[in-house]
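You will see chain A twice below: alongside chain B first, and alongside chain C after that.
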Partner chain A sequence: MNSAQLSNPVDNRTQILLRLLAIWQGLVAAGAAAGILLALVNPGMAVWTKVLFALILALAAVGSAFSVWLILRRDHRGRVLSLVVNYLAFLVCLLYGMQVLGIFLGIDALAGTFGRGLPFLLGLLVGYLVGAFGDRYDNYPQKQRFYRNAGKIIMVVFGAAALVAMGIFQGLYTLVTRFDNPLPFVLLLGAVLFGVMIWAMWRGPTAEVMGAKSTHAEMLNGLLFLSPNLLGFLFFFAGPLLLSLYTSFTNWDAFGTREWIGLDNYAKIFTLDVKPLDYPEQPWPEVLDATRFDELTRVNIFGKAYVLGAADKLFWLALRNTFVFSILAVPLSVIPALFLANLLNSKLPGMKFFRAVYFLPSIAAVVGVALIWQWLYNAAVGYINYAITSVVNFLNMFPGLTLVDPQVRWLSDTHTALLAVVIMAAWQWIGFNTVLFLAGLQNIPGELYEAATVDGAGKWAKFWNVTLPLLAPTTFFVITTAVINALQLFEQVYVLIPTEPPGGPNNATLSLVLYLYQKGFQRFEQGYASAVAWVLFIVIFAVTLIQYSRQRAGTKAYGG
Partner chain B sequence: MKFKASSYRLITFIQKALVYIILTAFAYIMLFPFLFMFSTSLKYQTDTFRYPPRLMPMKQQTVEIEGYDKALPLYYVDYEGQRREFALVQTNIRIGTFADPNNPSVLHDRLMEEVEPTGGSENQATLLWDGEEEKLWDVTVNGKVISMVQLSQTAVGRFVDPADPTASVLQNARTSTPVELPTLRPENYSDVTQLQGLDRSLTNTALVTILVVIGQLITSVMGGYALARLRFPGRDQLFVVYLGTIMIPFVVLITPLYQLMVILGWVDKMAALVIPWIFTAYGTFLMRQFFITIPKEIEEAALIDGASRFQILWRIFIPASVPSLAALATFTFLYAWNSFFWPLVIINTGNRLNHVLTLSLSQLRGRAADNANLVMAGAAIAILPPMIIYILAQRFFVESATSSGVKG
Partner chain C sequence: MYRKTIWTILSMLLIVAFALTACTPTVAPTDEPIVATEPPMAAEDITIRWRTRPDNQAEIDVYQSASSTIDAKLDGITLVYEPGGSESSSYQDVLKTEIAAGTAPDVFWIPGTDVADFATRGLILNIYDMGKATAGFNVNDFYPGPMYHMTYNPANATSGAESGALWGLPRDVSTFVLYLNLDLIAEAGADDPRELAAAGNWTWESFLEVSQAVTALGSDIYGYGANAWWGPYGVWLNSAGGGFFNETRTACALDTPESLAGLEFQRSLYVEHKVAVPYGEDSEPPFMAGRVAMFQNGRWATPGVRANANFEWDVVELPQGPKGQGNWLFWGAYVINAKTEHPEEAWQLVQMLTDAEIQGTISALGTNIPSRVSQQALDAFLTFTPPANNQAFLNGIADANYPTAEGPVWAGSWPSFDAVMGPAITAVLTGATTVNDFAATICAEANKTFTQP
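For the complex of A and B:
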């Protein structure tokens, strides 16, 4: 021990810094504790934010206090703890400072001037290309260096020009004027202080004194590298997810009211009532409680009529439509895709071209695609009805046939509106599924087919006994993705069939997500919308689980 | 033997031909809506309502004739047994078909201004005809005036020869074939840009997409590297959590994320379109899956040489994973460029300055409901940029689709 200290003496500076760090962590702990008190007595905060703040600050306080003790004992965990607390506090100060200064909202202002800078950004690309051009001269280092430097200069010049064109000076000026109250100063000072403390703890000599090993460095690096993603993910994903669960038990209206109402939202969604009818045409208010229920459907069992009432009729309609859509759209986009992928796998020339063409619809915005199909579906001058009319006329040329042109009013007829959405969605998804199937097919080893040929298997036998079983993982993935997408049907309906409220003629195309949108963002019943969202999530989750277990059972059967 | 070989060749030829026919038919179905979009976006509005529909944008030709203040539309007419191009100078000329009650099988067509009501317009004489009281008209036939009943009436137009305006023909204007030439109307694009402020929407979308792609690449590469290569406690559990959350649909998040935006004051702001989308589990997962395939030896050698982790990531991992990065970038690009639900929720319909393209398009649908040409031009503006990038970098699009699950 003694000899180790002699050979590696702790220099004065590190000693002072470590003492400073211990004091700093003590101060942070005290500050966080004071913050808890302030948060708890603050009348302006909602209960759940109070709890959240107190919890975070308590963690910071305990962590800091504990790290003081550990730092004094030269325990490496103290270094980790101190670094983590200071890093998080640094981020909070920095990001909150940016928020206070309006830097995030500055994107709006940037959007106004961004167009002016765009041509210069193309210059950046040119500079990059010039630099990359130099790579061709691997044997002439001088030429290569020239091109690389020229590329760099072009990029710097155009980058600076782009910044100026986008109004960086104006932006900086606006930023300076925002420093008109102490808060940004305090936050920036905090960020600087925490940053200095991080540096003091991170630097090599301090790490050595604290007994850091290479695994520790790896761990800290790992946390540091993951932190942007993890923290953003927690803040924008995990946090809201929990908030959503909480909201689904409240009656929040997005403005003020937020009362805990327990399971009421879910109860309203699922409450159904079945009552016998005296005669099949009996009006439903005579048997159902008209203040709570609405007629959903009537059924006839053994000559006796019943009426099924629901507390939230639209939810059940939306659920039915969503299911019908999925049951139609998934096979319609998966089966042709499987067929096409098998054709494309036939090693004939030109297959890449067809693959590219089939994939094209899936890169287009659903909004744009829906606008196109809206005109294709046009009852009077649309191509789809024109095609039907042409086919009918052609068939009528055969003697004995007198088909009637249906003249379908695709988007305004309650019977065809959902079908119209199905066709459009399937059209857009086929190419994507084809590409997935094709990739799966190309993973199947060719020897298996050769073996099957030797065994005398025909094309169909090969397809059923070789292709399908080996393609099972791909099929599972394709179907799962398609079902999950289908259950989230929204944009297609919203744009293709514009009704107010959205949902198509007589709610014929009302999907669950559309219903959620109506409830949450048109009537601002956010609590109820959250409950609907969770029901949808459970449905999606259940579908995935069923498919997954089937899939496992299936592969086991094939394996045996 | 020989016969058998040739018939085998024939069968394979037919099979191949069949494959190409089916593939071409599907390709046509896949491409047709886009063809329709581009052709309609270059049409004149009147041309969009034509039935039967056609793809080629056409415009009716007009001609200036002295004595008429407006340009006159040209039609094909039958003139003295020839098919000629005549200009329509007058419409809604009414022609009556008359018949003598005593000789109803012979019909007489006369301009309505050439016939007179029998007995004057004040008290026109009538006749019981087919059980109904019909008015009688004085029609001149071969110089003789006969009282006739009117059987029907049509409206026709008068067409004249542009070269010789005295030569004229009466013909039904609605059933006449107009003289048309293929004519493009690229002004649709500028018109729709002005109508809906699409230029601003376009730069907004570009800005949002660029920021989201860059931000997501940075956080995904860093996070993926940490999850693939750096050991720290809880790493594998975290990875499982990441994997599980990929499955959670966005719709569950939409209400709470909206609430978070309310708290942050980002409602109706473009920050809401950018910042939350920089952090995704999917990108991190994708990069982790790729980084884990890079051999460890290179990294260890660099570490011994004293390289920092950032240097290793920048100098070794990123250059080695350009195709994966490109695949993630294209995936993110498409997602950001095409996203609609979230902008619809977070950006107010009145705040046009913050609209992205998809949002503007959904509004355009209502504003230009009868102008298919303008709507299609708008759709083309939204669809073209991804399409161009797709044509240039097709490989990465396909890779981003397949890397999402099949190969992983």
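For the complex of A and C:
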């Protein structure tokens, strides 16, 4: 900053704006501090919301106060701080204002009325085409202008008609009626003031006076573009994640207050008891504390029978089912996908068609797929049993053969129900895994295969020594995502198995996610469900960590 | 630069315009123009949102029509009907989430088994005082089974008109019947269950005989089919004189001799005689495919059978066991959101939704049996044919048949109890365990779901 710049009248305005900004940030800091006090003395707020509000406001207060000092020193960091604080406050005012005015809920209404505007939106397309038609007349500017203007007029007219059809006047009327208390006005004013302050700090001369460089501008632009995703992540993922962690230490039922119960939920999950039995068939209530435990399983060790009891039997059954499902479904969806990808990687005619066909199940809705499989699996009229019966009948026509039709009860037999879910899930996941492998295969240089051919390698040797090692990163990704998907089994069981409560028969298909859903949404135990969710998270994290370390070891083995 | 500014302004205008259109009052998606059904509200107008769980589009249309009829009678109140539930969303899950978020409708329907959970958590209004203050209102106008639970006061453990509690009014009731494939029964040469019932000979034994005769037609033909949930298996326990709970509904009664006798007979259908579609399999597809002679289901299955059955069909009441049919009185209720800003208007709506005229209109379309003891509404119900033998549904309600009203567990958790009972009974009916083994442990496990000793 030099004296010539300061003497410029534009810069004088900038100086005034900067003083105003410093005062504004001071006011924001004071307001945030007052907000902390109000939050802390508000008896209507839960403790966790008080803490959360106080933390957010404290950050805003400290950030604003610090930015005052930096703005007065003309330090560019003050500009960044001011912009960040004002931007976040602007968003809060705007979004909360929209919430207060019922705009988010009104999206439902827009969805209901949007169809009425669709014919007019076609008019917009016509207008665009008319305007674009003018591009044919590069040598006739007058004609070109005529078409372009005509196109714009058509677009404006039909756009306005679409908005009217969608109910803009009703919306406007309703919006006005909702300004029946000071809150929307305060929020609107806040949004405008914060917006003006953002503009005042963002403008070029202010940036120049604050010593901002092009790199700072790039950083701010980057943050701005990142902000929707980042804020969405914080509010819709990280926030609920932390909230669920807190909830797991409470007995919250989703409606009342959260009472802190420490590790009780986790203790109940993991409490087990082992007792010897007088005889193998002895009923468990005779040996276990029946007010706390249920029988989980029985074991025989060196001729002595024991019963293992669990305070939450269903958790352990769900964990077992989830692991069994993963152990079966992951190989069944990965290994065939690997071979299928090799097959589809050939340059035979029609391969693109087959790639699309195999990918189709993975983009189909799980509910629809599960309902179709439910029909296929039906023991009485399902096509699978019909096919088995037909084959058995055909074979029995041969002399000497007397095969028995197994009449498999796919969904109602405890021995086959989970297998039925595995088959359906693997069938659905194979297509996606195939595409991933296909992408990996196409990244393998052809020269390597040529070199292997020169070395006399056959098809199998090439696959084993060239394809598989070079596909290792893809394989790692496929297996990791497949394992995570498998451990989160839910929809397939919920829709496919026709028992009530879901997870039957006899809990044979109860998965961990289904169990926590039942606990949280059907049995009003959100606290306990959150604890189960965190146990599942730790399981998934541990399994992924093991896979990751194995992958690193494998990469090193190949000299990576 | 100029064009960029223009485009920026236009884009902003478009966003604002869409935001403005999103300010229109929330209504259920409908093909009708919004303006026609929901005119802009006058400043003093009150909007009441209400919701049911219809089973099909026909029911949605009926309730929408009922809403319009009531709306026309209410001055200063605009009704907005929201059909709840869909193929991809659970009615109860959506409702509970909306209650937690404070966006649930003013009046909504819940199943009878959920009443205790909603009432004890303060999610629905106790409208006892408003009911008392309403001229002409009498809780005894409705079937006593559902009203026992709707007037149950957990504070003093009493029920009835003077209990101090009224949680809502029942929307409708329903019972189980057996949907009959008459072609299959005739082909098997078995007796017509309707005639046996008319002659008073429709018992467990004759039911088994018909089932066995039909099953003998082929390995993929079944005499009986029912789906895997507490309703179908519960009737056999009730019919034998047993049940899920003790008299006060404070403890498990699944291990009583009567309950076990009902379970034993039912197990014999699946495991020994093998006359039933394997337990756990969806019985509706084989019934629709003409492979099942007697399919146990409620009134809600009638529209599907009417639309899809390609054979002669009718219904018959459940067979008589040692203690009658043991039928359920299924029901659900209209309740008022505890956070409604308009409780008086919501109460007015609940009364009008359950008056004889509206119930008669809905019953005439055959979807359910009126919850109000009203001959007018029952007559309307009987006019909806097929099935010709609609009386079978009403016979299930008769006192002589000891119907058991489905209900909540005030001293525990019904979903938790169901989560223990369902798998254990599945194990019995699939032959994985015996009735004796079931009896040895079931109540030790199930009693943990009660809060009282």
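Just so we're on the same page, the second predicted complex is superposed on the first by the 502 of 560 C-alpha atoms of A that agree within 3 Å, B and C clash if a C-alpha of one lies under 4 Å from a C-alpha of the other, contacts with A are read in each partner's own complex, and residues count from 1 in each chain.
The criterion applied here is as follows: a contact is a pair of C-beta atoms (placed from the backbone, for glycine too) under 8 Å apart; a residue touches a chain by one contact, two chains touch by 3 or more.
Bear in mind the structure is a predicted one, so any value in this text is a computation, not a measurement.
S.K.: After the chain A overlay, clash or fit between chain B and chain C?
M.R.: When both complexes are placed onto chain A, chain B and chain C end up clashing with one another.
S.K.: Which holds for A:549: it touches chain B only (first), chain C only (second), both, or neither?
M.R.: In the superposition, A:549 touches no partner, neither chain B nor chain C.
S.K.: Which of the two partners, first being chain B and second being chain C, lies in contact with A:253: first, second, both, or neither?
M.R.: In the superposed model, A:253 contacts chain C only, not chain B.
S.K.: After the superposition on A, what does A:340 contact: first (chain B), second (chain C), both or neither?
M.R.: Touch partner of A:340: chain B, not chain C.
S.K.: Just chain B (first), just chain C (second), both, or neither: which does A:99 touch?
M.R.: The first partner, chain B, only.
S.K.: Once the structures are superposed on A, label A:149 by its partner contacts, choosing first (chain B), second (chain C), both or neither.
M.R.: Neither partner.
S.K.: Report for A:513: first if it touches chain B alone, second if chain C alone, otherwise both or neither.
M.R.: In the superposed model, A:513 contacts chain B only, not chain C.
S.K.: Have a look at where A:168 lands relative to chain B and chain C in the superposition and call it first, second, both or neither.
M.R.: A:168 sits against chain C, while chain B stays out of touch.
S.K.: Of the two partner chains, chain B (first) and chain C (second), which one does A:534 touch, if any: first, second, both, or neither?
M.R.: Only chain B; A:534 stays clear of chain C.
S.K.: Which chain, chain B or chain C, is in touch with more residues of chain A?
M.R.: Greater contact footprint in residues on chain A: B.
S.K.: Scan A:226 for contacts with chain B and chain C and give back first, second, both or neither.
M.R.: first
S.K.: Of the candidate stretches 8-16, 62-70, 80-88 or 134-142, which in chain C collides with chain B after aligning the structures?
M.R.: Among 8-16, 62-70, 80-88 or 134-142, only one stretch of chain C overlaps chain B, namely 80-88.
S.K.: For chain A, which residues lie in the overlap of the chain B contacts and the chain C contacts?
M.R.: Dual-contact residues (chain A): 104-105, 107-108, 110-112, 254, 365, 367, 374-375, 380-381, 498, 521.
S.K.: Using the touch definition from the top, list the residues of chain C that touch chain A in their complex.
M.R.: Touching chain A from chain C are residues 14, 17-30, 33-35, 40-41, 43, 87-88, 90, 92-93, 96, 99-100, 103, 117, 121-123, 219-220, 222, 227-230, 277-283, 285-286, 289, 291-292, 413, 415-416, 418-419, 422-424, 426-427, 430, 432, 437, 440-441, 444-445, 448.
S.K.: Hey, which residues of chain A end up touching chain C in the complex?
M.R.: Interface residues on the chain A side: 98, 101-113, 116, 159, 163, 166-168, 170-175, 177-178, 253-256, 283-285, 290-291, 294-295, 314, 365, 367, 374-375, 378-381, 405, 407, 409, 411-414, 417, 498-501, 503-507, 518, 521-524.
S.K.: Taking the complex as given, what residues does chain A use to touch chain B?
M.R.: 99, 104-105, 107-108, 110-112, 114-115, 118, 215, 218-226, 228-233, 235-241, 243-244, 247, 252, 254, 336, 340, 343-344, 346, 348, 350, 354-369, 371-376, 380-383, 386, 427, 430-432, 435-436, 439-440, 443, 473-474, 477, 481, 484, 487-488, 490-491, 494-495, 498, 513, 516-517, 520-521, 526, 529-530, 533-534, 536-537, 540-541, 544
S.K.: Within the complex, which stretch of chain B touches chain A?
M.R.: Result: residues 16, 19-20, 22-23, 26-27, 29-34, 36-37, 40, 48-53, 199-200, 203-204, 206-207, 211, 218-220, 222-223, 225-227, 230-233, 235, 238, 242, 245, 247-260, 262, 264-266, 269-271, 274-276, 278-281, 284, 309, 313, 334, 337-338, 340-341, 344-345, 353-354, 357-358, 361-362, 365-366, 372, 375-376, 378-380, 382-383, 386-387, 390, 394, 397-398, 401-402, 404-407 of chain B touch chain A.
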